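Pasting the structures in now, so scroll down.
Note that chain A is present in both complexes that follow, paired respectively with chain B and with chain C.
Our next item is the complex of A and B:
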């Protein structure tokens, strides 16, 4: 009997079935049988129902009149401020601060992190050119940021002389003892609370808030990026190094031309997680009076006495931005393969 | 007068010893490899034959003895070592093509970054080499998209692109499916016919008979027997060689 092909699943059914692995992907799941499909369907419906119930309950609780908000927190009047352009202007300013600090922070973290990973993975002999190129790149990025922000870089970097002495000492030690120093750097700054790293430049060196946030984020996230990159380096087959050396590349050429490109590709999903996380952590800048998106939202909320609507708008902006990052990241990864 | 006399051996291995911890993997190795000669190294696994091969371009270090290539002792490090490695082609058991580069780029990388050849020249040369090993059609694909045999032929082209003085083959066919062994051996035979100096660690006795001028039999980290293939296979002089051959030769 020939007959029609088995009926293709409807939209609802398709949404509920475990996706089949794409070609080249390994999935732990096998295709479900009839009993499995039924239980997936039942549990999906039950949990969806629970989520809807929870949502309704939260909405009613928050919308219920209280002493502070006699008409509930979803009262249309509380959304009124979002009709005015000044509100959006303020939020836009905050978003700019958040995004610019995050962008400069992630660029510097990537440069320093990848460099640290390379030093720690290497032979123990310093690729001096690589270290100097990394340091120069970071300085250039910071100078560029100063220029874009219209701050006098000398003013922006008003670090006390011992701050410069410390930075110089770190570079010098990196050149002299690459493995120990990169390990020490990573272990030390990774163990520091991020709040402390953001607050210190502001408190002890008199650095301006935006710069303080960038320095703090860079110190911390360069260590997590170093570890992510290093684990990717370690996951590469030993044969890649040997092939590079056998062709006649020097160890540092092998690192930059053979190992790092592959390691960064492998680390990409983790690096993007770090990027999103860094972006959100700019909000810790409130401790150094940094006017980022969250602190501006809170200021607006206080002024307009509409905490819930303000924070919902603020959250929506964060979610949108991070959604855009994730989306482009996924696109990027797919085209890479 | 600085030129080494042309009858001097291209690779001279003298009194080489190597330990992995307590394990004495190479014991007093003496071996000369002449220009244009094909030397096949055979022996049971763990006999040190791969290690010996890897010592020649210093992927493994030795604890005593000397290795000289074209009159120059193996440098210990730095640019000199990299330059020497550029003159010694190596083909690995597991191919080790650069996974993030296309077949063509794999062959171009060394000449461009090590020899300073221009991109156009490197590409021209790479395409010619790929044609010689029979993979022209795959030039723009990535290693993962090729069969083992094709990858290994690419690896040979990559090594040849450096115009090496000597080629080392470290079990080049051991990781291949049986039907792909011959395509790689054919390329190697062709290379031997062109007068390339080759050191080949292999289990392919047919290749040893056809291409080798000398067969080196290793066991327990020692050179047990060095002889022309006919003599070695027909009339081995040592018990260890006889024992090994009786285990691997067809009944």
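Our next item is the complex of A and C:
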């Protein structure tokens, strides 16, 4: 090595600047010279000052006396309700509603979504796919018939529409519909507004709010999960399918025993991101008067006249729960790399 | 028609759905107004959100650690809290600390709060889209820019960002498309957008089914047009790699 040795940055400098990018990131800077290091350090100190000032401003704003709250938002009386167990009991009830809807929603979405991805990725002519598509066709024809006739689908099952349903199913099997069916399902519900999907069962059929939320979330998130799983399936090397078929597995067995286990493993971080997103979207249940965490917090806020503290606690609960999911997703992504 | 038997679902017959109610009185006018309200709110919020997102993404890739941490914290904070909570915080919370006074016009108050909440919220998503665009630029581009002696601001502003933005056209379209639907959370505070107006009219006229179908159609139009525009833009401008 010739020339002057590069001066090593001190602890203070290292704490304020980022010398090396992480994996997967673009390297925008490399080892800086003394001048570059100095200018970066100066900007770091200035920006640190600005960030601290912004934080202090928010803190002061919250604590400052206002017209409505002469003692500011940190007044103990406003936070008093959070010392009582009834408040936490109410919040826990709301959180239970949110979490249970999200849990059932994500399980249903996973089942339907993975199924749709498998149907769309596969050849579409395996016995299982044909049976599924046939059953879906029967259900669709029955629902349509019932709607046209103004009867209950179960009632429709017992009358002559049964014949039409069977005819529809046979046509579906002949055309080899599974692939098109899952494509149509995914593309249709992905383009729908989630709020309306949640509102529809409630408004059209008088379904209970909790079920309505689960239904809407399932319809929407099964399509996003189908897309995530399908892209994972497509990312698998083609040799996997060929090897599965070569050792004598049927196409369905190849899908369920060889391809799907690998694809789901690969898609796991993305699936967790979708779970977090689904959990957040339970708050759209306000459209069907779903008493989730947000609406309970609103109710508490109105009762105790402490809007900001209540909503801050509500936001903190959301961020904790969703933070845990995201943390797990990031860990998984890192271990997979 | 046998509607007498109590069933497990109250199942409306197709014959009972009468879409002509949408064209009676000034319903159509109201729907168009609501459509424009959603469009205006989303486009304004996204215009502001893209700019703020660009700033946030720049901060997140800069070599200055305080900026990186602050931008990252902001992004995670915004993304991990549901939009409905943000809308409620901005509309009900800010006046409590004397930050957004109520004016005489309630519709303007709700629109303003909704717009700011959606814009700040969506900027985090734009920041993520642009940052992934930046990370998709090959390392050789930055190395070449540094090799010819460009300073950091020029490396980022003249070489990396133009390519990154062209790569993130489609992700930005996806975020915009999601914003139409998520901006429906502003109907929570009473902004007269598609969801709010169709709920309210459907309730007063006892025509929930018809108005919900109309709302679906409105969102479909928005989604199809936006998809078309952004696919076209992507075909024209995206960097082929």
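What we mean here is this: the second predicted complex is superposed on the first by the 225 of 337 C-alpha atoms of A that agree within 3 Å, B and C clash if a C-alpha of one lies under 4 Å from a C-alpha of the other, contacts with A are read in each partner's own complex, and residues count from 1 in each chain.
By definition in this document, a residue touches a chain if its C-beta (ideal position, glycine included) is under 8 Å from a C-beta of that chain, and two chains touch if they have at least 3 such contacts.
Since we're looking at a predicted model, the values are computed, not measured.
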Touched partner set for A:192, first chain B, second chain C, both or neither: second
First, second, both or neither for A:247, with chain B first and chain C second: first
Chain B versus chain C as contact partner of A:301, first or second or both or neither: second
Partner chain(s) touched by A:179 [first = chain B, second = chain C, both, neither]: neither
Chain B or chain C, by number of chain A residues touched: C
Touch list for chain C against partner chain A, complex: 1-3, 5, 7-16, 61-68, 70, 76-77, 80-85, 88-89, 92-93, 95-99, 134-135, 137, 139, 142-143, 146, 152, 155-156, 160, 180-182, 184-185, 187-188, 195, 199, 202, 208-209, 212, 215-216, 219-220, 223-224
Chain A residues touching chain B - in the complex, by the definition given at the top: 237, 239-240, 242-250, 253, 257-258, 261-262, 265
Touching residues on chain A, where the partner in the complex is chain C: 15-19, 24-30, 32, 36, 40, 43-44, 47-48, 51, 61-62, 64, 66-69, 73, 146-155, 191-196, 199-200, 203-207, 276, 280-281, 283-284, 286-287, 294, 298, 301, 307-308, 311, 314-315, 318-319, 322-323, 326
Residues of chain B defined as touching chain A within the complex: 57, 59, 78-79, 82-83, 85-90, 92, 94-100, 109-110, 113-114, 158-159, 162
